[in-house]
Every structure is written in structure tokens, then in C-alpha cells.
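One structure is given below, encoded as C-alpha cells.
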């Protein structure tokens, strides 16, 4: 998918001008991408159907206690991870609105889309993790208890946050829809409906700006609450060593930002390259994101240091068991890889920031690797406190968890499905906001 | 107010796991599920070794973390102290299980039929089914088809449906008939005692009052309704020996 | 602390359920959704409760079966039953599964393939199968019915129906005994005349040497398990009973061990002798008891024989031992002595005679604690202290009033059951009995008991003069020069079958009827059974499951019921209260399985041995005490098992079997002191003079020597227990561990290995080792290891593969493996790991002097599987 | 204030009120020691809460999307862009 990158207006064909940003055009590369992500999604579906028919015995999860397993595994890790990614989208978008950061505007819609897709995936991951998925959907609406930290996850994160993000994306895209609706194409009706009466009048523009500003302002606290509530899912559990703590909520927020901005960097770089939008997504955008990521990474590194120090200074027996497993034991490889990806890249980004030599390729690598680190850390938050966090002397105090193909398949399916959704969106709507200069406000 | 509780006399417990087996049969729990588990613990170095036994039913905490975290109120605590699971409401998120510091929750990873299959006793054998009607297990206890308490929820027994959480119920179905929980009833040495621990006059209250006691993981503030008498809480160096096998491949 | 009574109606129940009215429950308000899911019918089920008796162990606990529409849903302990009073152990609970197990034998089976490999079968009718067995019997019996061998693991009630069968068909018989603690029975029968091993008067005891006894797992003689711990916890609470666990493993007493003395495996005799030495040295001697009730004052000549005087003539003639009467200053018949001398030596007719007590003192003089220390691995100071504690607690001279009767009070005792299962087991148990004798604890309140009565076993008299026949011997070597005392040891039979000439045996068994026994897995030295059971012309197996023995060797398999049958009468007493019970079928047996009494009635009928003189029915009448009474089974009528027990019940003055159906257990009431305590029984100690000095053992040894028997067989026939190093010690030093084996509480006999709920709890096979030893060998928890045993006499090695389990509760020079593994016919026992029986030997050096199995062997443990 | 503003604020107020009502009055009480703690005081209250969230957020949608004159059907974007 490297051939078709020219702005469509400049290459008229079949009498009608092409829609911008590759919308409505399907290259061979895109079809390959579509095929791969579809296959990936089907793999996930097969995994899930297997789990559904056999029961969750098909996963590697088992009971804590006498079975010596972990009852939450990569599904919950994925929930936390995906919800984390969603952080970045709305944050970036909100920051752009609130502070009018022009350099980042090109990434705003990507960020919003990423948020929506990530939240959808997080929601699916939750359903996948339920023993009674249908009952889960019904009973949460019917009985959900505010006292349970899941109330926040379900009502605020999935429902409120997702809805707000969709509204936000919608409102910020109406202008583009209105523009595109003027251009004859198969999608004209679709754009017209999307625009829903937007005429790009000055009045509408200012109203639009006002609305999105306030919505962004309203979303920000929602975001902190949502991510904190996810942190509370773990941080409030006094009976699970390694989880209980006040740092859990802020750490969740920060790591959410890390993974989200990491993803955005990668996403932006791909779009920039594929659609030839080096101008719209300039190096400044990457510099912004890089600096932002650097700050988050430094803060998170600080949290990691605090975490390690607290773990090794005077731990309780159970804390020590988990600490040992993380620092030197079974999970050490993952722990140190994760920490390394986070800390090393903080330094690397710092270097780029100081020298002001921002390199997109390097940032993509960093974006990917910090996500590996973030995923690793999510797993390390969820799993070791179960396998190594027993307070009663079950077994030798050490349980085990190794995911089965079903879980890996579902994970692959989720990522594929997410990519597929993004790919489809990009064929239906410009992934970068159309430039103001092209269309002046209607007076 | 009644608060049902259990007293475990560690000076008497001989770690035989009769309670475990009585529970499994009374409540029809499938393979690898031990609502009542008895730790056999070893501590110290040869020759200053000692062995302790520690029965572990659900602690039916007064301040139960599992109840707090349940997103849909499927795990609930009754006014009489029993912490139960509504099998018809549970969504299978297993939050109660990670919230519980005692490891007493058992999830139905499989359909009950599949879980019993580990025992390699085909209960659907025609000769057996001719007597049992194909009940799984063959010794299926009909009490568990009923609903209990004011709340009238399906809370008794095991192996109802796949994908929901279960745990010790203090034998709610027996308690409501005025019987002792199956584990208490079968204990050969009378190490388990059951009754109202809030009423000072009950034998169990008197027993608890007149002895040294501890609760498991007292520091966590869960305030268990299971009180251990005699002995000491397991030390951090205690090692579990003679673990039961679990049929679920891990 | 007061017992909280069973089944206390829970206070506040009404409040608990709130307004859930009992009536709601009674009328079976069933939620339609829930019942739809379970597929159970909605019609109100019919509930009832039937009484029966547990079928798993030998404890025979009373049970009540809860039934729903005639289907058993749970067994619970029977309230008011003296042994278990409303409680039940894990095995008792779990046996419910076996009722419904389609892996059981469903019909009689006839083999269609060669023996020695997994069987292939065709189904047969009962008629055909029984006919086949009867035909084979007729063929062999025509020559000699003794060549038919009947073998049973354990009779699960009074064995009248087995005995009647054996007697009616005139066959040879082998029990499991020699694999249990029969050498201990022999030692105690020999020493005090009681049929049992050693157990204390637990409820009244203050200090117990728990010698190898498996309190928290196995139980001892008389009870398989549950009643002892019930009494033990009471004694701990009421008397402050102290338990000293003398065993290479701590696990047997677990938390009940007030002190753990990790003794070297096989060093028990050395420690017991040192204890005797110390008790004497510290002056803990109950002179009046020893003088009045034991042969301690008997005068023994320099030839080792007791000085006796013959009284009466001809048929009436009897040799009466003489003692030195200090009152008259000469030797008199012990029955006439006024003041018998316990110590000293005396010149009579120019010869020196020494009291046997004096001889014993001299004998144990060498066995100082320091001497014993490296033999048994226990510090001299510990032995000394234990002797001191034992002697002090014994409070020699004290008496107490029991139900108005003054009884000597010696609240000390030894609990030693499976101690006997070693090469020197007979003498070790004798030495332990002597420990209690020295302080006068035998038969005292709180003291040393062995049986629940003071009825003297017939072996007591028989052992006065051990009978040794001239060859040829029968294949059990009964009355042979090899084993003057002979329990009847299946392991020796396998040796004989492999080399009959060596044992001067001419006739080998040709046919075997195996009833609930599983030698190829469950008996020590299992490989010998695999090697020999193919030699039988015909093998019939009566068992509820396809046993491994049946799988390899049976020609015909007859499906027996498990608990769902009539058996009895069963002792239901706890040693303090006398009671009787029956096993009643809680439901009809599933499949075509049948109770054993039914099977034997039909089989003897087919053999033509049911009716008539000496027939099965007549034997049953004799053995149940019905003969010559109005309740005798009428000749010529084939009874039902229920009819047999109905008649027996009536013969006991009860209304009939309905008494048991309604009440479950017949509690006769407390045992009087005269029944419990030997000192006050009539005559005291049942009239037996306790044998400190084993003159007949010495005489047997001399006879053996005269007949030219290898020293291996005669060396332990000594008048006093005498230490020698066990044969296994001669194995090369690389076989550095002694293997011991033991029972898990989850298992009892091979039948429990067929019960999934128990295999689940019992776990997989493992070999237990001390971490310090494992570190030295670079082994760690969970490693796959090969355990290889070595026969110090033949050099043969045997090995199995298992996994390592580390425990600080075992001596570093001992490794242990539990029993009840190694099966393969039931899907749940398959693959759980090998049996330690594959490692033991049953040939010379690994057999006790009474032809009983030794469960000790030297092994080495190496990493990895055998093939590597 | 414009009608748009009024309705928007009304939606926010209604949404937040619904959330508040559903959370504090309709949902299960914040406790864990009796059966009542496990049941919402009004079933489907959590759905109401989510509905409240949606209404509140939808206010932005309304504010932005609603046409100036609700009656002016003819002045849709269709015509204007032509």
C-alpha cells in the first residue's frame, strides 16, 4: 500500500475527482491488509468460539489457591492495555483543542479513532473474559453495584468514555464530511448524512469549536477518573500483595499515556508515509509526541524505581515472593525487558529532545517498543500477584499461568480486528482533518 | 442477630480431610474443587520439624472483600453471616476470586458434566442411569435445586452451570433445615464446631471465649466468621505437603 | 472441654432463613428454572434413611445412608454408634462413588486370551461361571482339596461365611495377615496370650510411646483408624496425654507429637532393649506384677530350660515350673509359692538355677543406651530420659477405683502396630511388650492393652511347645523347620512355588480362588506374585473390580458387590462399650454383582457342598453359633443372606434383623473393669502367665539346629529378644537409604485406589526424602527419580520410577513411599505411579522369623528414569 | 438564552441528575453486609446511569448539530450545497 499517496484532488480520474486521503480507493496493498486482518479476526473468533464451547478451561487460567493458577490472565491484561491506549487519543485531541496546538492537529483524528477502537477492543476483551458473557451484558445494566470498582470500568470507561469519544470524533469530523459531501462520489450520501446539516458557517465553526472545547474539558476529568477506576480494580485489593497501593491509580494513568502515545506515534508515521502527508503531520508533531512520551516515561520510570525500592526495602513475605519473582525469578526476563523498554526510551527521547534531532523511524521503534513494555507491565501487574501473591501457604507459595493458544488467538484477533476497523475507517473517511485553507468558512 | 460461624479446634484436627470429602459429596462439587481444603503444613528444619493441619473453608468474612467487588451483587452476605453466590446472577468475571485473600473461590472452568468426567465414572452408563435417572453425579443431592433464604436465590450446592463462581456455602441448605454443615457433621474428632457466634450463650461462643483464638490473615480486616482455636496461624515458612491432585491440566 | 453434641440443632435457624418456613422445604418448593437445568424430575422425591456399616476399612463404622427415591446420595456417620458416633472418615464418605461405578465388573467374565498379559474376556452367566469354578474344583479336589488355595485380603465382618466355605470345600487358606501386623499378633500371643498388638488404654493414659504408629493416617490393630484418634484427642484434653512419636517420619503423629524421636528404620529392637536396660537400671520395676503374673521368677537352668516338676499321671500329667520361694527357702511349684524370688540364682541339686528375671537383667546389661545409640540413631540421653519419663509416669504401685473395683493404675503404654512389619519385628514387639511388663502396665488402668478382652488366644498354649514336623511340608510351610511359628505368608508361598525342592514341598497348589485380594500389586515383593500366579492351572477371582491380579491371571472373574450386601455380625464396640452391628445393603447392587454370601451359597451348591454333613450350611450354623439352636438354618433349604442374619439376630435374643434395620447398632453397654483390665479379670490376665522368658523359642531353635536348618531361619528363636543387625544392612553402601512405606489416610486396601474421590486427595506416588540428603545427591523437589532396591542375600535389584518429594519430617537416611499405588485396571488409579511393593523382597533376610513380610529394604535414589 | 442553550443545559442537568439519582438512589447501596446491598434499589438503575451519561454527553451533540430553527426543514445542507 505504498503506491497511492497523492492527494486525490490532483489526480482526477473517471471524470470525478478522487476523495482525499485514499478514501474510497482500494489498493492491492490495502486488500492484502484487509485480508490479513480479517483472517486475524477470524482466528480470534475461532479461539473465542472454542473457549465458549469448552468453557474457560480452554484458557490457561485456573483457580487461585488449591489449583495454583491465575484466574485473570492476558485477557484482563489486554483490557487494561487497550483502555490504556484509549487514553492517548482523547488526551491529544483534548490538548489540541484546549491549547490549540497546531502542529498536532494532523494527528487529532487518528488519536480519536484510536481511542474508540481501543475502547471497543477493551470492551470485547472484558466480554471474552466473562464466564457468562451474555449474562454479563444484561446483568451489568440490571444490577451493577457502584461499590465494585468494575462499576467505573463498565459505566464510565466503556460506556461514558466510549460514547464521549464517538461524539467527539463525530463533532470534529462534521466539517470534513460536509466538504466531502459536496464532491460527487459513491460515498456522497454517507458524507451528507454525516455532516448532518453542517454548512461550515462561521457561526457553526465557532459553535463547533466551543462545543469541542467544552467537551474536551469535560472529558479530561472523566479520563482521569476512568483510568483511576481501572487502577482501583487492582489497587483497592488489600488481599492481593503487589496490587494494594495508592500508586496504582496514577501509575495506570501514566502507563496508559505511554502506550497510547506510543501507538499514536506509530499510527501517525504509517499514515504520514502511506498518504504522503509529511506536510500535515510534520516533524513537529512527532517532536511534540516524543516530548510528551518522554515526560510520561520519566514519570513512569520514577514510579518503577519507587516500586522496586518499596519492594526490596522491607517487604512482607508475600510481597517479597512477588518481588523476587519479578526482579530475579520467573518473571524477571519480562520485568527487565519491560522496564528497559520504558527507561531506555525515556533516555533516548531525552537525547532527541536535547539535541532536537527527531527521527520518525526512531520514534516508530520507540512507539512499538514502549508498547511491548507497557503490555509487559500490564501482564506483570495482573499475573504475578496471583501466582506469587498467595497469603495462605498453598503449594510452595507459587502458582503458574501459561496462556493457551486460545488466548493468544483471541489476542491476535483483537489486534487484527482493531487494525481492520481502522483500515475500514480510513477508506470511509479522511484520517487527517482536511486543511482549513482549502475551504473557507461559508459566510 | 444471628451470625453463623465456625470454630476450628486445631488441637484436635488430625488433617484427615473427612470434611473435604463430606463437602464434596454433600455439595456435589466436581473434580479438583475443594470448598473445604485442609492444609497439611510442615515447618522447621529436621529434626525440629513440626506438622500442622489447617482446615480452610470459606471464611464467610464479616467484611468480605469478595462481596464488595462483585459488580452485579451475585456474591452477597446475608444478615445471618453466610456469604453466598447467586449462581443465576454471576457473570463469571472472577473479581471475587482475585479479591479473596484466602483462595476459597472455585470457578466453573468447564461444564459440570465435563468437570465430573475427570473422575472417569460414566454416570450416564445405562445400568447406572436406570437407577439414578442419569444424575450427574450419581449421588446428586436434590436439596441444591431449591432456593434458600428470604432472598430466594439459587445459592446452594455446586456444579450448576459453567462459567460461574462457586465456593463454600456453610451448607446453607443444611443450616436452614437445622442441620450442621456437612464438614462439621462428619469430623471424626469434633475439631469443627458451628453455630451462632454472636450469641454468647451458644456452645460455640463459649468455646471460642474460653480459648486462645486467631483468625486467618487478621491484619487484612476481613473479620472472618471462621475462628481458629489452639495452635497458631501458619508461619511464613510453612510448606504445604500432601496436596490433593487437581484433574484440570495446567 | 465439653463435647459439642453432634447434629446440634443450629441455634437461630429460623432467624437465619428468615421467613423460609420449614413447610416450604417440606413441600419441596422447587424452582422450576433450576430443576429444568438439572433435568431432575419435579415430583417430590421420596427420602429415607437406611442403616449400614462401612465397607472400606476394618474399623466398620456405623453409617446411615440418605436415600432419595431409593438412590443413595450420601453416607453419614451413624449417631450413637460407639465407634464413630455420627462421624465418618474420608474413605467412608467416598465409598458412595463405588456403588455407581460402571468401571466395576458388571457380569461374570471368562478369559479368552493367554494369562500373564492384560485380560480379554467374554461375558458369562452366573450359572456358567460358577459351573466352571465348580468343575475345576472337582478336578483338583479329586486329588487333594488342599491343593485348592483360597485367598482373601480382608474379611469385612465376621469371617464365618469365608471359613464355612474353606472348611466345606476343605481347601488351603491364605490371608493378608503376614502383610499386616501378624508378626505382632504372634509376639503378643506368645508373650501375654492376647490376640492383638500393642495399644494403650487410651482414654486413661498419660504417656504413650507412639512407636511407628500412624495416628493421623492409619490406626492400629482392632480399629483401622477413626476411633483411636477420637480417643486420643479426648485423652489429650482430659489427661494431658503426652505422645512421643518414635518413627523415622514425623507425619504419623503430626501435630499430636509432643516429641519426635526420629529413629533409624530397623533399629527399633535396639532401642526397646535399651529402654528395658534403663528401666531396670533406674529401678522402674513392678515387682508384685512380675512375680505374680509373669514367668520372671521361673528358675532356669544353665541349659536354658525351666525347672519343672511333673504332676499327675498319664493323660493328666503336667509339667509345672518351679520358683524359689523365699518364704520356705526352696524351689516350689510357682502355683504354691508364697514369696517367690524375682532375682538371684539358686543351687538346686548341685546345679545353678537363675530366675528368668535375673537372666533378663544380665541379658539387657549389654544393651546400654550408649550401645543402642548408633544402632537406632537415637541419643543415649534421649533413651535414658524417655525411660525415666515412662517409668515415672507409670506411677508403679498406684491403684484407682473403676466402677467400684480397685485396679492398678499405670497410665503409660506403647502404641505399636505396624512396627512388627520388619525382619526383627517379632522380637521387637516382644521387647516393647516387656517394657510395659517391667512397670506393670500390662492390663492396668491407663496402661498397656492389646485386645479388648482377656480371652486367651489358642496360640498361647500352642506356643508353649512349638510343633515342627518332618518334611515334606505343605506349601505354606506350616509347622515346618523353617518357620516354627508361621503366620501363613503368601510371599513365602511364591518362594516355595519357584523352588519347592528347597523347602521340601511336594504338592503345590493347582487352583486358587482369590477373594478381594490383589497380590500382584498390593502384596510386598509383588514381582514374585507376577512370576508365580501364572503357574496355577486355574484362577478364580471374586471382586467388585477387575483387580490387577484378575487382569493378569484370572480364568474366571465373579463380580462381587461393594457395600450393597449383607455381612456380619460386626463388632461395633470402641473398647469401652460393647456393641454389635450388621452390614445391610443400602440399595440393590447395580449390574449383576452380588454379595459374597450369595456367591458362596451358589458356588457350594454347584460344587454339591451346600447341604449335608460338613456342608456349607452346617458350617455356617457352627460358626454363627446357630447349630443345635432353634434358629439353626434348616437342612436342605438354601437360605438368603437376610435370613441367615435374621436367625443370628434372633439367636442373640433380638427381635430379628429388623432390630438392626430400625436401630442400626445393638449397643450392649459398657465393658466392666473385669473385661477391660487384666489385673481384675477372672482369672487375672485370663489365666495366662506372661512370658518374659521364651523357653519354647529356645527349644524350637535347638530343634531347628538339630534338623540342620540354615541359621537364617533359627537365629531369632531366642528366649529373650536379642539384637542383631538386620540383613539389609549388608547391602553395599551406595544403597544408602532404608525404604519404608506407610499408609495415607485416603487409602485402605486396594479398593480405595478404585475410588476417584480418594485418588484425587491421595495424590500421585512420590518418594519422600530429607532435603539435606537431596542436596547431597543434587536432587530437588519434583525430580523424576529411580528408586532401586537391593537384596543383600541374593544381590537382586529391583527398581521403580517416581518423583521426589522433600520433607523435613523424615530422617536423612530413610526414604518413604506410601502404599496403594501401582494399579492400572481402573482408569483413576492408572498412571499414578508405582507401588513400593515392587521394591520389597519376600525371600530370606526379608522375612520375619514367623514368616511375615518385612517392609524394609535398602535402596538408592538416582536422578532420571530407569532407561537413562 | 437561546433555545439551543436551554435544551443543552437541560440535557446536561437531566443527564447528571439521572446519573446522580441512579448512582445514589437507584443502584445498590454502598455496603456489603446484608442481602439488600447486593440488589439495586431499582433494577436497571445502572442502565439509567449509563443513559444519564449518554444524555449528558449528547448535549454536546445536540448543541452542535441541532438546527437553528427546528421548523426550518427546507434549509437543510442538501439544498445549500447544491
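Residue numbering begins at 1 within each chain, and the chains themselves are lettered A, B, C and D in the order written.
Everything below uses one rule, namely that contacts are C-beta pairs under 8 Å (C-beta built on N, C-alpha and C of every residue); 3 or more make two chains touch, one makes a residue touch a chain.
Since we're looking at a predicted model, the values are computed, not measured.
Student: Average the C-alpha coordinates of each chain, average all protein C-alpha coordinates together, and give the chain whose average is closest to the overall one.
Tutor: B
Student: With centres defined as the mean C-alpha position, give me the chain A-chain B separation in Å.
Tutor: Centre separation, chain A to chain B: 41 Å.
Student: When the C-alpha atoms of chain B and chain C are each averaged to a single point, how far apart are the two points in Å?
Tutor: Spacing between the chain centres: roughly 35 Å.
Student: Distance from the CA centroid of chain A to that of chain D, rounded to the nearest Å?
Tutor: Computed value for the inter-centroid distance: 26 Å.
Student: Rounded to the nearest whole Å, what is the centre-to-centre distance of chain B and chain D, using the mean of the C-alpha atoms as each centre?
Tutor: 45
Student: Would you please write down the residue numbers of chain C that are in contact with two or more other chains?
Tutor: none
Student: Could you list which residues of chain A touch at least two other chains?
Tutor: In chain A, the residues touching two or more other chains are 140, 142-145, 147, 151, 154, 396.
Student: Among the residues of chain B, which are close enough to touch at least two other chains?
Tutor: Chain B, residues with two or more chain partners: 32, 68, 70, 73-74, 78-79, 149-150, 161, 243-244.
Student: Dump the list of chain pairs that touch, please.
Tutor: Once each pair is checked, the touching ones are A-B, A-D, B-C, B-D.
Student: Would you tell me which residues of chain B are touching chain C in their complex?
Tutor: Spelled out, the residues of chain B in touch with chain C are 1-2, 4, 10-18, 20-22, 24-26, 31-32, 40, 42, 44-47, 49-53, 78-80, 82, 88, 118-123, 125, 127-128, 131-135, 137-142, 144-150, 152, 154, 160-161, 175-180, 182, 185-191, 193-196, 199, 202-204, 207, 210, 231, 241-245, 247.
Student: So in the complex, the part of chain B that touches chain D is made up of which residues?
Tutor: That would be residues 62-64, 67-68, 70, 73-79, 86, 149-151 of chain B.
Student: Can you tell me which positions in chain D touch chain A when the two form their complex?
Tutor: The contact residues of chain D facing chain A are 23, 27-28, 30-32, 37-40, 43-44, 46-47, 49-50, 53-54, 57-58, 60-61, 63-65, 67, 76-78, 80-81.
Student: Spell out the part of chain C that touches chain B in their complex, as residue ranges.
Tutor: Residue positions touching the partner: 1-4, 6-13, 15-20, 22, 25, 28-31, 33-35, 37-41, 45, 68, 70-77, 84, 86-94, 96-97, 99-103, 106, 215-216, 226, 229-230, 233, 236-237, 250-251, 254-257, 260, 262, 587, 590-591, 744-746, 756-761, 763-764, 770-772, 805, 807-812, 826-828.
Student: Could you please specify the touching residues of chain B with respect to chain A in the complex?
Tutor: Against chain A, the touching part of chain B is residues 32, 34, 37, 39, 41, 56, 65, 68-74, 89-95, 97-111, 114, 161-165, 216-217, 220-222, 234, 236, 238-240, 243-244, 246, 248, 250.
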